[in-house]
Amino acid sequence: MDIGFSPEETRFREECRDWLHANVPAERRPPDAIDAIDFDKAWQRRLFDAGWAGINWPSEYGGRGLSIVQQVIWLEEYARAGAPWIGANFVGINHGGPTLIINASEEQKAYHLPRILKGEAIWCQGFSEPGAGSDLAGIRTKARIEGDELVVNGSKIWTSFAHVADWQELVLRTEEGSERHKGLSWVICDMHVPGITIRPIRKISGQTEFAEVFYDDVRIPLANVVGGLGNGWKVAMSTLSFERGTGFIADQVAQSREIEDLIEKARARGLIKDMRIAESLAQMRSEVAALRAMTYRNISEVMRTGQPGPEASVIRLFTSELGQRLERMAVLLMGEEMIDFAYGDDNGISDYLRGFAQTIAGGSAQIQRDIIGERLLGLPKSR
Amino acid sequence: MDLTPSEDQTAYQTATADWCRDHMPLEEARSRRPGLWSSLTEMGWIGMTAPDTGLDHATEALVFAELGRFLAPVALLSSAVGARWTGSGDKAAIALPAPDGSARLIDADGAASAVGLFDGELGSFALPGSLAAAPSLDLSATVARLDALPSIARVNDPRAVLHLRLLSAAFAIGAADAARDMATGYAKIREQFGRPIGWFQAIKHICADMAVRAAVARSQLYYAACALDAGESDAAFHVAAAKRLADQAAIDNGRANIQVHGGIGMTDEAAPHLCLKRAHLLQFIAPADMTQLLA
Amino acid sequence: MDIGFSPEETRFREECRDWLHANVPAERRPPDAIDAIDFDKAWQRRLFDAGWAGINWPSEYGGRGLSIVQQVIWLEEYARAGAPWIGANFVGINHGGPTLIINASEEQKAYHLPRILKGEAIWCQGFSEPGAGSDLAGIRTKARIEGDELVVNGSKIWTSFAHVADWQELVLRTEEGSERHKGLSWVICDMHVPGITIRPIRKISGQTEFAEVFYDDVRIPLANVVGGLGNGWKVAMSTLSFERGTGFIADQVAQSREIEDLIEKARARGLIKDMRIAESLAQMRSEVAALRAMTYRNISEVMRTGQPGPEASVIRLFTSELGQRLERMAVLLMGEEMIDFAYGDDNGISDYLRGFAQTIAGGSAQIQRDIIGERLLGLPKSR
Amino acid sequence: MDLTPSEDQTAYQTATADWCRDHMPLEEARSRRPGLWSSLTEMGWIGMTAPDTGLDHATEALVFAELGRFLAPVALLSSAVGARWTGSGDKAAIALPAPDGSARLIDADGAASAVGLFDGELGSFALPGSLAAAPSLDLSATVARLDALPSIARVNDPRAVLHLRLLSAAFAIGAADAARDMATGYAKIREQFGRPIGWFQAIKHICADMAVRAAVARSQLYYAACALDAGESDAAFHVAAAKRLADQAAIDNGRANIQVHGGIGMTDEAAPHLCLKRAHLLQFIAPADMTQLLA
């Protein structure tokens, strides 16, 4: 066990740092999704041109083909440099792209992957449905096959960037009468075809990053099915194994910065003398450190075995709950300033309000605990 | 000794809830019907606390908990306390003085005066003609800033502060109740994995804890109101304890309600966030401090 | 609503206080059950002779036949005076006796109730079994009927005072092949008959207040069945409706005293300046006050309607968890003294260790939350 | 960067666990087999930390977490640290100095010296010939009192204290792991309401939280050990964070384990209380203080 990096890795870290130092835009990313789209695309293109897009993606599709450690280093330095959130490119880079790398055909990969890396194609997700939040297997949006096309009817919800996306990773029930995990397919849906209606949803913080998407006889070529008809569940589950534990890095560097900011703020306002505040900050600083250690452990496990350990679910749960505790502390230190919050403000209060999503989206905290109990500890399945 | 509402008190409670349901539903909190304030005045919810009505704090607490359950305008608190202690019969804003000499004014629109805590005493002052009110975190309330405080008329009676604290606690308990009921209602109808989510222990226990918090805080509210009515020497402690528990119940139930609602709870169009935001506003109104609690 | 007492009630309170002041024994009750038995019996007899036993029990069986409020006042003053725990008389006075009052025949009542009140007959409980902890309906100890006798085989566990008891309230499966709540009977078992073996169980605090009881062809006259054969579940459930919310009083007065002691201790040691300690004490002081208010509310409900409100389950859960928080604080204030704890010590540490039972015995905290969710809030039953 | 044990380290871990299972089962913690201490010495668990072995802290942490899992004698901590920093090759007791100048000695039986923290520095002193040792809260350890401290030999290197803190954290993590495994094992076999209790979300989630606490603390232990080995400037912070999280995990898992075991967990004859009592003892050994954590 060691926490050191090789000379080559250290050199790579310096390269990252130097480039970021010189290139991170001075202006802030516009907070609203629609305003930010040009910014997001331009920034992704700049990353690509300089060779920083897809550090660990295969080089034949425009990636760099580097190691997981280098991917970790890039993500750490990226976050440390305060580089902008990749915004509208998020789903393509972190979810759709990785899924394609593992499951898609040569044609699908050759077409889509470079476009994602260059910021030319914006992706969105289409998994959740109004009737099936945490229960992915409860999907009811269905497609019938007509000739060489799927004809889709139904609706999806909580789709971030739906209104600016070109493509959607869409999970559908393609087998009539199928139940639960069976009969689902993972499909690439062109967001510009007729029959798609998007209704933006405003969050409790005022932002409208996500939307409900309705499908009314939407036609998708069968050639857009990824991984074979009826294999949607398997394809959707495979995404995690590409990401291999690196997906937590950005959150963690952000949390590291957040706790240091909070400590500084508490000191500046003299609040650190209050042992309640000091204790809570000391606790969270320890937890943030432990979380990074746990992520390193998980990534080390991947490097050693090729597979992330089952503790990824622990990281997920702990990150989300720690994130909420940090946001509560930020709000506590603000005091009465909290009252002045107005829709559209982008500050600690919008972070706090948006932060409830952390223990809801992507499988609620309750479901994460079920998974830890069942998969990590081997307790009997309740559902 | 009887800590349950009398028949008269129950009648007050029911009448309040009925009226609120018809004229001031919670879902409309962000944008109230025009003329709501004058209806409230007409219905006597401000005047009821005037010295001559002789209404006891216990009944007031019951009524304000019902008003709070529908997220009634927070200026009702300051106006009711103003009616009792400063002789104002009109809408009064809530003043929250800041350490730098400035103050936030909550719900100052249409108010001629403001009521607040100044060095632990209740005080009031006349408001200038025009104030630029902005939206506040609580979508039902506005906030305006005064750069400097005018001269303040202080109320020397320590019961005045306790009155404001008690009514604010009642409002918070109403918000906690509303969150509990909303979450429970949703847990009964929303299905996941083929069952109502309230069937799952994880959700059921979140709801149970909401019920515990609301019941604990409400009980202490009743006791505090009675202690104030009876002039008990420890009334200040009991009111502070009620406020502390009520604020906690409102905030924690507000959060839990969003969690139980899942994605829906994250949306502006659903009601859960209204209860939580209200709870966060109330926590700044006549908060309980450690001295009172450990006195 | 009011928190005042009538002149008559106030006079009664003064009488209680005066008598207790003059009569509470100076010596401490011996901590171990066997050593304490003579003490417990003598003290109960003294209470009875002075007219303080069974304040709200019917006067024809030796009680006083007074109101619930007077019972509350007595319990409050009793606890405030630091009067000794009633110890071995606990089950008879608080559980067996009340159950007999509601369900037993004239003969049963006439024989047992006065003996309980006088401290002549010690009772113990026989509900829990090794295989059925929180699940009373899972009882497997069974009795077959032979002539006018029940012949009992099986075992019970967590029986306090088994080794000093004369009688046991025993719930048995008297109908072969019956399941869950059906086929159970509530029976008075003579603890001195052949076939009963008692194995004391040591608690993690070192005390041996409870035991496992084994029944090997134990013969009990059918005349000792209370409330009719097969009605055991109903009889067991009825106990609470007699106690009517007053059972929480003693705990609450004890908690009131405990929090004041803790505040005093924290002040004396200068620890109250630590805002973590101050905050926690302020919180618990508020909660103790609220708990008393909630109990008053519940008792008021009984006086008004004759029935305790469904909030009794809230009181039960909150009392037990608050009790544990108080014990943790006591241990925290002790610091390293905690290390010196030895079996048999009767102090804050044994209270802390024994205190785990609060969220286990009498239906675990988990089951209390189920009950609150289902009975108070109307959520669907999970079990 | 690699935070998983190497093959060599895994071999150490496994060998330790195997030996402990055979010679020092947790269930016997209250009354160890005669001659245990000499077997431990022979097996080299004390000598392994001597300066000449050159063993890294990472491997030590792994080994001590395994020892801790079986509730090994706590004097192993002081003896190992003594072997490294004071040149003692024998059993050393743990000294816990009190503000009044006296000290508690943990596991002084058969020890010639004691090791402890004195004003933030590691120090040691020779023990008087006979000490009256009494049982302690942790049934596997004794406690004796010294009314006044003799003269203390101080170790000037700040790493000495970090070493004791790190190994104590490892012990605590072992106790937290043991509690998690015991609770989970019981939840799989104990039935209530016709199902294993681990089927119920309420119990499942208690176990899940135990797993989270243990995983979080163990990760930080690994990082802290590596930081100490690498001489990183923030090693003191990382060790303090590891100790804090380890103590919390041990105490909270200890409590949860009793809760999951229900009535059985309340009995002296069952093992859950042993883990909790051990956790409470460890919390007093080289605790992490706020200064280190907020430095």
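Structural remarks
A, B, C and D label the chains in the order they appear, each numbered from 1.
Convention: a contact is a pair of C-beta atoms (placed from the backbone, for glycine too) under 8 Å apart; a residue touches a chain by one contact, two chains touch by 3 or more.
Source: prediction; values computed, not measured.
Comparing the CA-atom centres of all chains against that of subunit D, the greatest distance is found for B. Contact tally for A-D versus A-C: the pair with more C-beta pairs in contact is A-D.
Separation between the centroids of subunit B and subunit D, computed from CA atoms only, is 50 Å. Spacing of subunit A relative to subunit B, judged by their CA centroids, is 39 angstrom.
Look at where the CA atoms of subunit A average out and do the same for subunit C: the two points lie 53 Å apart.
Contacts with at least two other chains are made by residues 275, 279, 366, 369-370, 382 of subunit C.
Counting only residues that touch two or more partner chains, subunit D has 200-202, 205. The part of subunit C that touches subunit B in the complex is made up of residues 1-5, 9, 69, 72, 263, 272, 275, 278-279, 281-283, 285-287, 289-294, 296-297, 300-301, 303-304, 311, 314, 317-318, 366, 368-370, 372-374, 376-382.
Interface residues of subunit C facing subunit A in the complex, by the touch rule stated above, are 274-276, 279. Across the complex, subunit B is touched by residues 200-202, 205 of subunit D.
Contacts from subunit B toward subunit C in the complex involve residues 1-6, 9, 58, 180, 184, 187-188, 195-196, 198-201, 204-205, 207-209, 211-212, 215-217, 219-220, 222-223, 225-227, 229-230, 232, 237-238, 240-242, 244-245, 290, 293-294. Against subunit A, in their complex, subunit B makes its touches with residues 96, 98, 104, 106, 134-138, 143, 191-193, 200, 202-203, 255, 258-259, 262-263, 265-269, 273, 280-281, 284.
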